[in-house]
Amino acid sequence: MLCYGGESMSIKVGVVGATGYTGSELVKILSQHPEVEVVSLITQNYAGIPFWEVYPHLYQYNQMVCEKLDLPVLLDAADVIFIALPHGHAMPIALEAARQGKKVIDLGADFRLNDYTVYEQWYKVEHTAKELLGEAVYGLPELNRERIKGAKLVANPGCYPTSALLALAPLLSRKLIDSGSIIIDSKSGVSGAGRGLSLGIHFCEVNENFKAYNVGIHRHTPEIEQELGKLAGDTVTVSFTPHLLPITRGILSTIYARLITPVEEDEVLEYYRQYYQEEKFVRVLPGGLLPQTKWTAGTNHCDLGVTIDPRTGRVVVVSAIDNVVKGASGQAVQNMNIICGLPEDTALTGPGLFP
Amino acid sequence: MLCYGGESMSIKVGVVGATGYTGSELVKILSQHPEVEVVSLITQNYAGIPFWEVYPHLYQYNQMVCEKLDLPVLLDAADVIFIALPHGHAMPIALEAARQGKKVIDLGADFRLNDYTVYEQWYKVEHTAKELLGEAVYGLPELNRERIKGAKLVANPGCYPTSALLALAPLLSRKLIDSGSIIIDSKSGVSGAGRGLSLGIHFCEVNENFKAYNVGIHRHTPEIEQELGKLAGDTVTVSFTPHLLPITRGILSTIYARLITPVEEDEVLEYYRQYYQEEKFVRVLPGGLLPQTKWTAGTNHCDLGVTIDPRTGRVVVVSAIDNVVKGASGQAVQNMNIICGLPEDTALTGPGLFP
Amino acid sequence: MLCYGGESMSIKVGVVGATGYTGSELVKILSQHPEVEVVSLITQNYAGIPFWEVYPHLYQYNQMVCEKLDLPVLLDAADVIFIALPHGHAMPIALEAARQGKKVIDLGADFRLNDYTVYEQWYKVEHTAKELLGEAVYGLPELNRERIKGAKLVANPGCYPTSALLALAPLLSRKLIDSGSIIIDSKSGVSGAGRGLSLGIHFCEVNENFKAYNVGIHRHTPEIEQELGKLAGDTVTVSFTPHLLPITRGILSTIYARLITPVEEDEVLEYYRQYYQEEKFVRVLPGGLLPQTKWTAGTNHCDLGVTIDPRTGRVVVVSAIDNVVKGASGQAVQNMNIICGLPEDTALTGPGLFP
Amino acid sequence: MLCYGGESMSIKVGVVGATGYTGSELVKILSQHPEVEVVSLITQNYAGIPFWEVYPHLYQYNQMVCEKLDLPVLLDAADVIFIALPHGHAMPIALEAARQGKKVIDLGADFRLNDYTVYEQWYKVEHTAKELLGEAVYGLPELNRERIKGAKLVANPGCYPTSALLALAPLLSRKLIDSGSIIIDSKSGVSGAGRGLSLGIHFCEVNENFKAYNVGIHRHTPEIEQELGKLAGDTVTVSFTPHLLPITRGILSTIYARLITPVEEDEVLEYYRQYYQEEKFVRVLPGGLLPQTKWTAGTNHCDLGVTIDPRTGRVVVVSAIDNVVKGASGQAVQNMNIICGLPEDTALTGPGLFP
């Protein structure tokens, strides 16, 4: 069995949806993980094809051949299953894995919302694995580490929620802000839209261009509100606006909230530092220094910058992550490390690619 | 003399600061203007050099040679002077031009703020032409056309303020929003920073990157607040955050405000259409369609998209402009056209460059 | 009827394939053309939809609704038909148009190659309109203007061939180079691949990336060789390598050939200037100045720079065009202007968008 | 002393020119190197400033403070000195280091050319350390490993030469090509120009743009010719044209040469595979697969693709590297590993950042 200590530990891992961008990033990270053996790469469109043909940057790094999903075979071979599929497709896999006592880390949305009626309302799909919602753990380690340790089913957070929640947690915990005043203006690189074909992510449509989309109706909104609500101890409603940046990787969220009482910037920064002092992946930047997406490229970091604006009585928090790493596959491996009792940053260290 | 009708009209124009990006765009637009004769291209660094050597895309379009500033010579030759210099440098030129009865359109900040103490506080420079502030007209034609018609000195708006004011004017005029709740999250292409060398606009520092800057302290803030205050009939304080996009041209502003009373999206859109029904350069997009910067590339348009979010009780307005055109040089020529009694869109027509 | 002089001239134009990138650029250029009335926008996928919904940058510029192809209706309404379809699809339309005496300008490859066996070999499609090949005129005006004037069917050149032929024509005409030594290393922006969906032109696959493709086997090769052969008066075989640039618009070709006898750079430049002295769209840059794609963005120009390398005995010519304009739709309108006896640059003037 | 085995080995390293892009990449790679202790970060402009303030992506990875050059102090502290300075500045440092028996790896051009008259002719600077030229070793490990092992002074190759030499070595060694027919058409990302300010690498001048530069006169030409000459056993003269890509990292070289006798593509590919079979950093791609720069981003790889074009009798080799890593700092660390008897890929493993 997996996940206890011992010299010969090797975690047998399967990746379902291996040929999307989050899947390929999982494969890349896991290929550098000393305690992992990847046993299965599942894909819908590339079965029988060597993985490196789909992702030639991994030529000579990965010799595996993609396979179609055969659930009994997969569950027999793997102890941990990462699911990197569009929403709606993880539920049947998770159900069967649960029956067989296998660990599942789902990078999609199927188990992020505690209330299935909210899921069905925002995602327009019936929830067919409601019985798992009680045991699914929201996998944001910095806020939820203890519950993740014993989890069988981890709902890996969305990319936008990761950037928003880590930015707001200290403020809500300390009750510094009016929770009805929160505005989250987020900008994401194109990789967040995945590798599937779509006119909106065609090079000529995105390059030298910028737009907002899904204003007020993006599906990450209820996920953000659910988790902020837990932090605030009350219902929270936010304005959330995603935008599409002409870059490949990176999310930057600019977040506004009204301070309940005036407070000095240094004091707030100090509180952020305390809040995250044990965290390896959250960097609270010194006062006056604001995050840039590229400083996090290829890393599992979330960088935070905090500004108090006394003219308006608002705090402005800027957070930056690599949406493919901390916003998806890196965080998923971080969750696996926690579940398996490994050092949390195994295979996740190293600075970013700059310039 | 300039600016009355007649068959042989030819407006003699000088451009001071011709070799910056806004200067070169002025030269380009004016080279296509049927009623204009450009008589002088003034520059600090390229005197004696053919303009096309500085901007080879204009090879065979412009045969002029750049000159150092000789104010008497310039004022003798030109009837309209465009000043495209960093703040602080327009004041002496405007003073002398005023004495000689020449028209000045200043693309910088020296005459945008009515109160010189506000100017000195935000720009850290002494105002040495206070006597002109009374007659300077804020050159946003859609809001201020009548006063521009007779103006001797036009303060051409900043790029960010143009995008914010056109987006908010209908809401404030109709008193639909709480003026204390306005948050302006703006994203600009790099050309807004000009052609001067600086590490922050070096290709490798900007490309595949994104950041916020000058949070709460950008100099366009008091300009926005001044003009919003006139629309609201009251003091207005806003949160304004600029960001740097890895694109050359374009500003997109995402603007949030709390609705005073609930209102339908269709109703608000209809009000926007009425407000701008005579305007050639403002396009209120149909419901559900949101602006993209590239749709305005190379044009004098401002595109507006409006979303009502009933969950939060907020309105979200998205505006897009080409910062070099409607945000600077195109608007400056629009102002000249108004002053000179020409059709307002002379030399400013035509759709954008897409893809 | 079309195409003679007269005050009330209005050329009735139909565009088949209007919703691709070259189609939309045609629509844009024609919308600014004073002698043209666009009567029909034909599309496969967007019938019944307003054109501006497909291309919102043309909102308020074009009120037409896209239609499915109904050939009799089209030929009844239009005097000139532009065909902007993938190869193989223009043949039946051109056949019927020829029967009815309508002018056709085909932006695809169906009529570019004089020898149908070469066409069938490179394009893997049967040629079903061989009888038109005799009258089809290769529409590169700078080399072929006289024949275009009377043409009924114009084969608008490919984008790469346009950039290569204009660069090499003076050298071959003057017999300065060994025609067996020509190497054409071309780099194109992504718009050349059209608007159809394909993984290879997905933003994340192209951005911050660069590659060669179709080395030695690109379909523009026989077209280049055919036209170079005419200039050289002999069979010409070239190495042609296309590459994909992470930009939207622009082709830059770097072309190498061995000089038959040593020659001074100034002398060659002077010969280029003479060769193109009557041409409005070819700019031979002064010695030492090399073309950049962005100097031609949005224009119908071809910019040329010539370097003699005495160390190697080679000449290196660099040419730049906007592939969507001079490489496709602008050149097509240029051909229409020639056919219709209009000034050749009607609707094609104006400098490029820089920066 | 350094560079023998043993458990407590720690190589003391100084980096001169640490705040340029190649310097910062050295710092980043060395920060992950288990056998290295960085003892000194020398800079001209940032003395006294924490390194992470200059490169915030290294915040919490590097706590060192930049220092001005004090040569005696540096040579006292460090056993290996990396010099990442513009040409002309490494000579005095290398001279003094040689006197003290310290190892030097120079990332600049001062010791790459064996003949100082060639250096002085191309670089327009007097060579003031001629006595070191005899012992300087050209640090391209795949071609020169044995000599590097014992080197005291390594001249780390230029970025363009690295991409060209690895592509051509098998062909010249096997005498498959006419060495007078070589044309090297190279395209580089902007980071190759360094971090110094210059209009030509300003974002707005490079973005959505492409150009050739220094045609026939780039300083890497004699370096390429010198090393090709050694491979060919004869004088080699090449056409070399560099271009500037609107990307940050990556060089792709497209290289043409005439085959002396016809040969099958498979046969040539097999020969490439044999030639590089022991090499960890050269990936000969399978037939039909051509390199893309992004597949090498952040890695020390050189990817090679080979095409035989029987129509023209030419071979076309495409090579791709990350210019900052294999083209500079990664290769420098590879050289250090060789000198010090460490596994050659220490701190240089791991796949690239894609997408």
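Per-chain numbering from 1; labels A, B, C and D assigned in written order.
The working rule: contacts are C-beta pairs under 8 Å (C-beta built on N, C-alpha and C of every residue); 3 or more make two chains touch, one makes a residue touch a chain.
Quick caveat: nothing in here was measured; it's all calculated off a predicted structure.
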{"item": "Result of counting contacting C-beta pairs for A-C and A-D, higher pair", "value": "A-D"}
{"item": "Farthest chain (mean CA position) relative to subunit B", "value": "D"}
{"item": "Rounded Å distance, subunit A centre to subunit D centre (Cα mean)", "value": "37"}
{"item": "Between subunit A and subunit B, centroid-to-centroid distance (C-alpha), Å", "value": "40"}
{"item": "Interchain centroid distance [CA atoms averaged], subunit A/subunit C, Å", "value": "46"}
{"item": "Touching two or more other chains - residue numbers and ranges from subunit A", "value": "21, 191, 195, 204-205, 207-208, 246-249, 292, 294, 297, 355"}
{"item": "Subunit A to subunit D touching residues, read off their complex", "value": "21, 24, 28, 31-32, 55-61, 191, 195, 207-208, 248-249, 283, 285, 289, 292, 294-298, 303, 324, 350-355"}
{"item": "Of subunit B, residues touching subunit D in the complex", "value": "21, 190-191, 195, 197-199, 201-208, 246-248"}
{"item": "Subunit D to subunit C touching residues, read off their complex", "value": "183, 185, 187, 204-205, 207-213, 215-216, 237-239, 241, 243, 245-250, 252, 254, 256, 290-294, 297, 305, 307, 309, 311-312, 314, 316, 318, 355"}
